[in-house]
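Below, each structure is written out as structure tokens.
In what comes next, subunit A is part of two complexes: it sits with subunit B in the first one and with subunit C in the second one.
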Partner chain A sequence: MKPKIYILLTFLLLFLSLQLPAQQQRFPKPEFDSGYEQPDPVTPEPRSGAMEYFDVAVLLAVLSLASYLVIRKRSRQGILWLSVFSMIYFGFYRNGCICSIGGIQNVTLTFFDATYAISVTALLFFLLPLVYALFFGRTFCAGACPLGAIQDLVIIKPLSMPRWLRKTLGIFPYLYLGLAVLYAATGTDFIICRYDPFIGIFRMDAPFHMIVLGIVFLLMGMFIARPYCRFLCPYGVLLNWMSKFSKWHMSITPSKCIQCKLCTTSCPFDAIDFPTEEKVTKSSRYDAKKFIIYAAVIPLWVLIGGFVGSKSHTYLSKAHPDVYLAELLIQHPELKDDPDNIDIQTFLASGKTMDILVEDARLKRKEFYTGSWILGGFIGLVIGLTLLNQVVYRRKQDYTPNRGDCYSCGRCMDYCPVDR
Partner chain B sequence: MEKKAENRREFIRKSGRLTLGLAIGGLGVLAASRATAGEWVWQIDPFKCNQCGRCATECVLNPSAVKCIHAFDLCGYCDLCGGYLKPDANERSTAAENQLCPTSAIERKFIEEPYFEYVINEELCIGCAKCVKGCTSFGNGSLHLQIMHHICVNCNECSIARVCPSDAIKRVKASEAYQVKGSWSKPL
Partner chain C sequence: MSITDKIQISKNISLVSGIFCITVSLLLLLNYLQFAKSEPLESKTIEVLVERLKSEPNNDELKEEIRNFDLLVRKAYFNSRWQVKTGAFLLLFGAVVFALGLRSYYSLKAKIEQPVPESENEIFGRILAQKWIIITGSTVIVLALIASFASVDHLDSYKGNEMVAEQVTNDTDEGIEVVDVGKASDNNSLENPFTEETSETHEPVNSEVEAQQESTGSETNNSVTEPKPVSSAGAITAEQINSNYNSFRGPWGNGVSTHKNIPVNWNGASGTNLLWKIEISLPGYNSPVIWGNKVFLSGGNKEVREIYCFDINSGNLLWSKKVENIPGSPAEMPKVSDDTGLAAPSLTTDGKRVFGIFANGDIICFDMNGNRVWGRNLGMPNNHYGHSSSLITWNNKVFVQFDTNSGGKVLALNAENGETVWETKRDCGISWASPVLAVFKGKMQVILTADPIVAGYDTETGEELWKVECMMGEVGPSVTTGEGMVFAANEYARLAAIDPLTATIKWEDDYYLPEVASPVCADGLLIVATSYGILVCYDAKTGDLLWEEDYGTGFYASPVVADNKIYAIDTDGVMHILELSREAKVLGSPKLGEEGFATPAFAEGKILIRGVSGLYCFGNK
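The block that comes next holds the complex of A and B.
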């Protein structure tokens, strides 16, 4: 008997609440005679905006110091301690948010979502490391990035990886960057933040699987130096481009390379380019032919990539809640009667019709179609250029850091016997 | 020969630098022209929330940064509180088995006949929204959830927002970080 009354009462009240404006009270506020003072709800303020600007100042200071330490001072020790500081400050103290890597998504969202505009501090976090990389190389990776620092500290016995493997795995950051932009632009998700493997460690609190992922990355990082940086980091792609053309990149030797080969094994990231051998020079004509062929097929790569990308748009779009829900309801209409499916029940109660949902999902999917065409074409271009790069002949005499891949960590400098 | 190669390399580098510099400069200016000086934080629209319970489980923090807050202004100070007592409670007392809240985070205090005050103990609240559901369906809806900003780490993307079925969690300006019922009304 009792439950029945309650159900009835619920319906009655629900009905009433639909009739009344949302603010109307069912039970009037009492008039107190006892002099009772009504308390205010406690609403503690968020971290103040000034503190966010302070973070930008810290970033600026760390970037400048890192550039000074590695280029002028040539001190690996200094860089090491600076990166420890950044790991503690940006990682463990600031809990990893906001970071330059995630900033990619905020910038993207600013251009695609009219209701959102990036905050100045987040924009600076995104831009400053890139500007520094354009002048000094990836000093951000060496001294300021908490993710880089934590990986750098666990390197024990780095294994050298064959070039082809590095180049192949090196495609992944581009894919990750492309996907992150696609998902941010369509308002689906911030995948860089969601799958950040180290944030759980910085916060010392995260879902179990994310902690496991972080630990796996660190264990792997003992032998494969900086695995996230090299084969995933989407921001690394941008830094790599900037650093390639940097004005004052660090060099291994303080003056002139004497070809002693002492530094060759010093880089845990295989980022040192060796001098070209004489016999390669002889076959350069053959390379020129290859170069033309490889360059000519790049448009083909772009087309293939775009085609494959557009084929996967249905799959990629499933991550968007509207598309997911519409698909679920079309394929399993019986789920409408499942009281435990919160998403479906909420949708049914919201008063939104099925037609509107399906139309929304269709439009989203269209966005994904365009987006994945571009994403695929971009990846095709990257593959084509990577292949082309393999046959480009660059004359080199000395042992030099590869400007794109080098993190400016400064390890190799200590191996060079040449005095200043 | 050497010199020439070096010069060429320097030239390529310079033009590359200029191009990239212009590219990020352009991007920066475009973004900056829209950028806001203030920061963003995440907050729950209490009028949209349908008390699904995910706030307790989906926050990256444990216990969640979402807590129940009490808009006293709207409260009826009822003895038979829909947010405090289980619907099938056999008496109106503070006995734990009668309470809706799984952690007994709501403190009930007698004020004067027949009114009772309900205060949330934030330390104990896990943001499960059980009381909110009770209060919204049977009472005035004065109990509701908010993201508490001294706990929240302000994730770049709130992981509850992503799974909130009613799309109630949105970025709001840090200067208006709370949407407390009564003082904050539903945008039309």
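The block that comes next holds the complex of A and C.
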């Protein structure tokens, strides 16, 4: 081993050992003769600062290795085993937390809640995959995301989905992203974490309906590859944006495409763009009028979306604990005497007056009005742009991975007969 | 093995594992349905038995039956949990095998596919996509509209004052007298800390007296007013102490200030009600002390220790003096933890002089103009976090609690020259608490808490007047006094209400315990602030829990009482202000704008809070 590695390891050990005294409790937990062990109150257990940075280092290493395996080594096998490692480490070992996808909410809350400060590690988990996507494409989805990995491993007989269905379902990740940001910004909930379908599998413990949801996604994933990634993942929206501008992206062929078409059925995610056909090129001229109309109605989509969004703020805000509690007590004041209603009993014990609770709820609803307006406008914009995109034709001559949609899994590379 | 055999094996493995998965899933589903239906923890049988017990409270057999049944349902519950957990693992294992089997089966059966078997008509696909995007977009909009029209804004129907959240007080047991505590302004307990309830027939204070007391059975509690303590000619008077804020946690170190017109709203970051703020160059966790127009603080690091004097009206630095050239001072500073530091003890002043002590055992005295009067070293305190016991003064004496890992002692130093007037060895371990002064039976006592004793010492002779063994662990919170009792608490130990006249514990509790912040007693209420963010109020006489407020952020600074309000600053720098009453009434939650570890100090119309970066003075503008 080289001296530099010794020094690095020594520093690492020293750093880890320095953290240990801080973790010791002043008084040890009581021990029971029966052998009963106290359960950990939080899942997963909080990590020491050093171990959190260790997780970041693992993510960095996995992203770097995934990018290397995809761009330089062009190894599907390597990517596959790397994703298995990520699923075991970030999924089963780290219990799916800390997670880049959920990081969206932490970042949002940092902007909207002055009392909340995001940890450096959470910020890095959010930013690193995006930075890598900007340079190397969605290598995070290929090798580092445990949610992607568990779905990727159960792909048995993927069915190709028609374009109209892909494009239509492709709106939902934007909707989910918008809702997640709205609920995080208003301090309502972290819905991405709460409704993560695979967290129950990673932790081997979850509410029954979430376990069922996870199993349904995996069963669906046998025939519709990576359904969560493609039609729900809110982080995928951001990665898609970044990857579109990636400097070095995976290519199907290492050299010049010979148009053999062998790769056409290789992608289970329908993320390969085919060369533009002649008749399509001709058709693009007829769609010029449509392009102008669709472009012109985008502001209308935004306005309608914003208006409808603002109208739904009452409904959306009901998820906030203060609004929920205030409305519950206004509707059912008799519940004040229900000793089993923990929420109400906690409120009563707080000494807070009903006036203050209602005032807080009204303020929150006001925040929702603004937030829902923006959310609606955003969804309107997404619908308008997606529609516009259907009449935009880009001339392509070869079979290439779609930079936004491609997960860089490398399956198509194995199908290409061209040597370097 | 031929390819056909491999395909057959893969197929069989997939089939078996698939059946296994379905079986386990069904069993789990059945378990879930059974569990959801029966809810073992809400057993009707137990409810019936408990009801029966109410009518037959002395039926021991019934009690035993309830216990056995309770054990049974709990076992059933945990057994069910175990089954679910084990089932989940089996299902996961089965699913992995199933997925691998199927993958292997399909890959072995795979044939070279025809390139682009049925190429999708792109133009048609695009047209269809446009149609469906419009349909989906419209559906989302329509659904949102339906949701908006279907949802009712119940907040609009609220007319106000229909219901007020009340502290649940109807759980008072029969036979317990509820004492109606009036407002602070209605009595003079805040103004006069010497109003004590004492047992007149009791003699202070040793086990013999206690035995005698038990034999006479006298428990008469009468409210009497202790005579005001008299100091020597020229020394600090009780009136002066009451009208100033001369030590850690104010007059007598008891956490109760007599000052009025204290603001309830400020913001250190935006400057709301901020009269002034000054940066303090050296770090320190000590709290400000005030005499007249002068505010005193200390700070220190390994290189230098200083004492500062500021003008309370302008915040201008009047003087700062280095603590140096102390005879016997160790060459090196002790190793201390970051959350204690080298200048944790607060200063004290008697209006003529100001006294300070530091983690290396240096104790120093300056006059009010910053001229050094005396300085000496008491020996390096053997303290693994750092010495933090503050000083307190009375009758020309400065009292030092010097409880270390090497043993405990309490000293009284002559305020004029620093010479030891008396020194009493204490049978205790280390402590980080500070001394408190109080009068019991006409005798001014300095009261200390440590592991394991809470004890009172005659301020004139140093004689140990009483002690009670009730503490354990690393004692940080100081005692407080009121209602004729001394209240001591520490995390992992207990909260004890001690009658110093009989050296007995009147009541105790171990549910909410402070780690660092000292309790405060005023107006018949005892306030405790925990390091995990809960502020609790007890009835000081009975120990009944009156209210609790969970703020989520812990308290290191001690809660204090001023202007009939409780001021408790959490470590995030949010001051929780509540009315001093038997119900939790929040008056405000102003923010310092930075972390808060030091206990605030008060002057007329002003509150002074030390943050990490400096000292803030707030007042109603």
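Worth pointing out:
What we mean here is this: the second predicted complex is superposed on the first by the 373 of 420 C-alpha atoms of A that agree within 3 Å, B and C clash if a C-alpha of one lies under 4 Å from a C-alpha of the other, contacts with A are read in each partner's own complex, and residues count from 1 in each chain.
Keep this in mind: contacts are C-beta pairs under 8 Å (C-beta built on N, C-alpha and C of every residue); 3 or more make two chains touch, one makes a residue touch a chain.
Since we're looking at a predicted model, the values are computed, not measured.
In the superposed pair of complexes, A:305 makes contact with subunit C only, with no contact to subunit B.
Contact with subunit C, but none with subunit B, is seen for A:218 once the two complexes are overlaid on the shared chain.
Contacts of A:386 after superposition on the shared chain: subunit C is touched, whereas subunit B is not.
Shared-chain residue A:189: touches subunit B; no touch with subunit C.
By the document's definition of touching, both partners, subunit B and subunit C, reach A:347. Of the two partner chains, both subunit B and subunit C are touched by A:205. Of the two partner chains, subunit C is the only one that A:329 touches; subunit B does not reach it. Contact with subunit C, but none with subunit B, is seen for A:167 once the two complexes are overlaid on the shared chain. Of the two partner chains placed by the overlay, only subunit C lies in contact with A:355; subunit B stays clear of it.
Common to the subunit B and subunit C contact sets on subunit A are residues 26-27, 205, 345, 347, 349-350. Residues of subunit A that touch subunit B in their complex: 2-3, 6, 9-10, 13-14, 17, 22-23, 25-30, 32-34, 36, 38-47, 49, 52, 95, 97-99, 102, 105-107, 110-111, 116-121, 123, 127, 130-131, 134, 189-190, 193-194, 199, 203, 205-207, 241-242, 244-247, 342-343, 345-347, 349-350, 395.
Here subunit A touches subunit C in the complex through residues 26-27, 115, 153-154, 156-157, 162-165, 167-168, 171, 175, 201, 204-205, 208, 211, 215, 218, 222, 260-262, 264-265, 274, 277, 279-280, 283, 290, 301, 304-305, 308-309, 311-315, 318, 323, 326-327, 329-331, 333, 336, 345, 347-355, 357-358, 361-362, 365, 376, 379-380, 383, 386-387, 390-391, going by the rule given at the top. Those residues of subunit C that touch subunit A in the complex are listed here as 25, 32, 85, 88-89, 92, 95, 99, 102-103, 106, 113, 115-117, 119-120, 122-123, 125-126, 128-137, 140-141, 144-145, 147-155, 157-158, 160-168, 473-474, 492, 547-550, 572, 578, 583-586. Those residues of subunit B lying in contact with subunit A across their complex are 5, 13-14, 16-17, 20-21, 24, 27-28, 30-32, 34-41, 47, 50, 52-54, 60-62, 69-78, 87-88, 111-112, 115, 117, 119, 122, 137-140, 146, 148-150, 152-157, 159, 162, 165-166, 171, 174, 177-178, 180, 182, 185-186.
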